[in-house]
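Shared chain: chain A. Partners: chain B in the first complex, chain C in the second.
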Partner chain A sequence: MEGMGQFILRRLIGMVAVLFAISVLVFLIFNVIPNSDPAQRIGGKNANEQLINRINEDWGFNDPLPEQYVTMMKKVFTGDLVSYQNQRNVLDQIEKGIPVTFSLCIGAGIIWFVLGVVFGYLSAIRAGRATDRALTILALIGISLPVFWLGEMLLYYVANKAGLFPLGDYVKFTEDPLQWANHLILPWFTLSVLFIGFYSRLLRSNMLDVMDEDYVRTARAKGLPERQVRLKHVLRNSLIPIITLFGLDFGAVIGGGAILTETVYNLPGVGLYAGQSVASLDLPPLIAVTMFGAFFIVLLNTIVDIAYAYLDPRIRLGTQAA
Partner chain B sequence: MNPSARPNPEPLLSVEDMRVRFATEDGVVHAVDGVSFDLRPGEILGIVGESGSGKSVTAQTLMGLTRSPNASISGSVRFHGTDLVTASEEQLQSIRGREISMVFQDPMTSLNPVYRVGAQIIEQIEAHKEIGDDEAKERAVELLASVGIPNAKERVDNYPYEFSGGMRQRAMIAMALALEPRILIADEPTTALDVTIQAQIMALIQRLNEERGLAVILITHDLGVIAEVADRVLVMYAGQIVEEGSLDDIFYDPQHPYTWGLLGSLTRLDQPPPDRLPQIGGQPPSLLAPPGGCRFRPRCPHAFEKCTELPALEERLPAANSHADRCWLEPSEKREKREVEGRIGLGAPA
Partner chain C sequence: MPPAEAMPTGEPPLPVGDKVEIVGRSPWYLAYLRLRRNKVALAFGALFIAIVLFCLAAPLWANYVADTGPNENHLTDQISIGGKETFVVAPNGIPIGPGLHTKFLLGADDNGRDVMVRLMYGGRTSIYIGVMAALITTLLAVAVGLAAGYYRGWTDSVLSRTMDLIWAFPVLLLGIALGTALSVGGLKIGPLSVPADSLWIPILIIGFVYVPYMARPIRGEVLALREKEFVEAAVAQGKGPIRIMFTELLPNLVSTIIVFFTLNIANNMLLEAALSFLGAGVRAPNSSWGTMIAEGEDRLVTAPHLTIVPGLMIVLTVLALNVFGDGLRDALNPRAKIRMEH
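Entry: the complex of A and B
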């Protein structure tokens, strides 16, 4: 399909443009807009004059703004970025955190998508009946539980008192896959609950709308079994917006949404690193983590657009029209 | 007119006292209120009426498509010894699409936008027949070609959005015919299409009726469409049949004032245009609380005392050959009253 190839190319170009715009914004927010000496802020609370002079030189804060921007981006992308508080290389730290964050987010993503769809589907086909009511209440509870509270409660009651799961911390998958999963079950659940509630409600209402569509009536009039009508015609069409949302939420979770969960369970991921950097007002890690988060949100956005075009052939029409 | 539609052969489909009620937030809607009719093999039966007269609900109920927790359906629809009103979902599934097919009003929304047109036809064939994918696809191509889609071999892989409205309706008809059903229910099949396409679609339905002896229930509010193709006509008003007869009966000797009104509001090319197109005054009644007696009484300029009592649908003419209506007026009076400015019309309110 040449339409599809062109579509993907256009999306990728768009993605690069958005990332550039974000990098400019990050630069402005961190280095230009605050009305104080940027070197002072980057150096941190305990920076002495010598360090500040060095930072001024390193980051070129006496150069014109466009040059400052280029210098900063060079630092971010070449792995030159160093925290002046603990002298650690920022990109190394992020690299170390990525497997943890991905383990958490991918697992949680699978759980919330699958359970969200299953509960939403059951709720929709039993709309108004007891199953639907029970799932509605559960979903509302799930949406209302704050992650930090739920995480602490699970740690206290399920992990500590009942002793069913370990008390936080992370075990590498390559070391012991079973322990890896065992340590992640509570964090996965904690991170998923909100989304399961949200997705099941959304899918339910989408499905109820789609059930009234003419093409669903056509499918029934064709003599298809009810199950096939529900899965192939109602669910398939109702999933399109859910998948869009999933891409966006998944990107947002990787790009910072997991901070609370990682902090509560002491998982050394990118989120925990970001949280600690915020607490110590350490700017270089924050610059990098912000870019990291933005990158994943934009990347997932692009993937969603491409998946959307695949799922709904009408979207591809736009490429020919443009 | 189709010569195979001889009077009174064994009916293919027999509807007895069908009633459909929907519970809504405002109360119970009596959408269909005691409808009875027969469909004979090979005939085209037209059902006309305004929006809300219950014609679409009647058609969908024939196939069990109005079943829902909020609907109560009574009466019977006999088809080959099965009562479709009480039939199980499984029984209905094997009849839908295989014995009785349906084409809907809006071809733009009646096909699922995310599947290829061919896939949607194949899906129907495979729901009823053990058949290989390749064979089913060949059949889909044949079907599309038979309803006049050019390049059917390539078009079969198109998505609905790549089809025009007329082509989509052709595809819907191809799909409906996939298993050579005995009955096609066409619910306003041309309402959403422009006039030239309307004529093509009607010609297609007529051709299928003649070539295959396909019995058709054609639902429309367009008397022009009915005049072209129907053998017999039911006129519906407020959930009831108010007049039933052959095409000639309805067009040349209409007995019910509502039918006069419908005919009177047609524009005619063979007569000088009137200053103002006649219309039926007032609004169709609410089906939440239909008027007592004759349902058309509140809008009828010829109503008299007797009309507070509901007239039965029966043959009232001396030589009536299954031409029935629900009006208390004497046939001789009617002939006089329906004459308005040299043509049939409802006349001014008294």
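Entry: the complex of A and C
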């Protein structure tokens, strides 16, 4: 398609620029803001002045900031980045966490998309009636729940008291697929609730808007069964913004939104790693995890934009009205 | 058809008869009438006010009923429950739970502190952070949105790209990163200095991370508004850009701002709780509902009230704001689409 290649190239360059800016920002956050001395951290409590000086020398903490930034980024790309706290390789740790985070996020994504659409659809076709009211209340409660608190309540009532599910922890899919799912059901649900609330309410209002469109009246006028009008004309056209949002939210969840769920259920994913690094003020893992998160957010943003440009030539040609 | 039925919007019926007097109704009055009809939204608005009053009454309860402060330990104390002397914290470390006793109405925590008193004081922190951060977000977002939308060109480019950048950060990670970094040495910008344990650290962080979520819709609205005839008229009258922004554009943004502000407080409270839970939010000696949940985590099985009670308060408060904000949105019907996440 004409112009598509250029558009994709422009977006990819923009993506790299944003990631670069983010890495600089994270680096600055931890270096300009008064902070504890990393050499002290590596050397431990009993480090003498000599040791501190040598660490500062070895790790390059005395170098000017731009040089330190370049050194750190080099390490990120060569995979040599290690933690200040325990000298473990950061990228190895992230790699270990990825299957866990993906298991959690993909499962939750499917649940929230399906349930969000089903509830939103039911709410819209029963607008103003009891079903709609009940679903609206549920959705509002869903978006008002603190994620980590919901997780703890489920752990206490469903896992501990009723004994239906295990009390957190993760089992690898390759070891035991059934236990993998059994351990993830509560986390999936915990992570989904907020989004089910958002999506069902958004779909409801989109569908109510679309129902007033002329083409829906036309579809009815030409004698299509109501079910077909709702599914093929109303639902389909209302889903477009939901799918966009799903792309963005899915990126955000992988890129850091799952920290709370992983912490509560003790799932050793990227989010839990970030949480632990925060507790120990460990800069290298935080830079790497933030870039990892931003990468997914920016990547899915870009995919959504490209998909839109593919579907709507006005965006590609830059003639879309504000 | 009688006129009362013809006007299902709850507005007073048009006068019938020879003398027809047209009463002018401002958009605000119409919005007020719509809101007045939404009993559910009003009830939840009242609930929020009740919660605020409950928290404001903390010193009264602490001094006259519970007779203890939010940070006073009662590890070795005993209270009489049903005529029986009971340890506030049992020898095995399990604190007493909620019960009908004026002291420790909602039980005690690990250190023998009164949960009811802590809940009331903690709520002050949580609500204070929520409201203050919402004020900061609103001020910054309105400034950015007005400037970017009105001046367009490079001003818009610079501001919008900056917003995109903050947007691309995972909100929680950005909050955690800032919270952790600032918790060591506090914040010093020129003459401004904020100590590390100050409430203003979480307030500034939370106020900052949500700016793009509000600035974007406002910018979009300003872009549309500035093409309107009344702006052209103002330019023709010789009004300068600043005056146009504040006397012509801003009044048209008020409904968006009010709705956003209400929903933003709710989101801020959730983010504060999340940051505090992860140890990057409110710091000792201050406490909030979020830190209370974090402290109760280890005792989830033996003393679940430590987690349940503050969590329920957060849910109630946030739900009240969300429902009321929703009602406001229906009544004021702002043009911008508002959506938040956390």
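Everything that follows uses one rule, which is that the second predicted complex is superposed on the first by the 235 of 322 C-alpha atoms of A that agree within 3 Å, B and C clash if a C-alpha of one lies under 4 Å from a C-alpha of the other, contacts with A are read in each partner's own complex, and residues count from 1 in each chain.
Here, a contact is a pair of C-beta atoms (placed from the backbone, for glycine too) under 8 Å apart; a residue touches a chain by one contact, two chains touch by 3 or more.
Just so we're clear, the structure is a prediction, and the values are computed from it rather than from any experiment.
Contacts of A:236 after superposition: chain B is touched, whereas chain C is not reached.
By the touch criterion defined above, A:311 lies against chain B but remains apart from chain C after alignment on the C-alpha atoms of chain A.
When the two structures are aligned on the shared chain, A:286 is found in touch with chain C, with no touch to chain B. After overlaying the two complexes on the shared chain, residue contacts for A:228 are found with chain B alone; chain C is out of touch.
Look at A:219: by the touch rule set out above, it reaches chain B but stays clear of chain C. When the two structures are aligned on the shared chain, A:147 is found in touch with chain C, with no touch to chain B.
Taking chain A as the reference, the larger set of touched residues comes from C, when chain B and chain C are compared.
Across the complex, chain B meets chain A through its residues 60, 63, 65, 69, 89, 92-98, 101-102, 104, 106, 109-114, 123-124, 127-128, 159, 161, 172, 175.
On chain A, the positions that touch chain B within their shared complex are 128, 213-215, 217-226, 228, 232-233, 236-237, 240, 311-314, 317. Against chain C, in their complex, chain A makes its touches with residues 18, 21-22, 25-26, 29-30, 33-36, 140-141, 143-149, 152-153, 155-156, 160, 198, 202, 249, 252, 255-257, 259-260, 263, 274-275, 278-279, 281, 286, 289-290, 293-294, 297-298, 301, 322.
By the touch rule above, chain C contacts chain A in their complex via residues 164-165, 168-174, 176-182, 184-188, 220, 223-224, 266, 270, 273-274, 277-280, 290, 293, 297, 300-301, 304, 307-308, 311, 314-315, 318-319, 322-323, 326, 339, 341.
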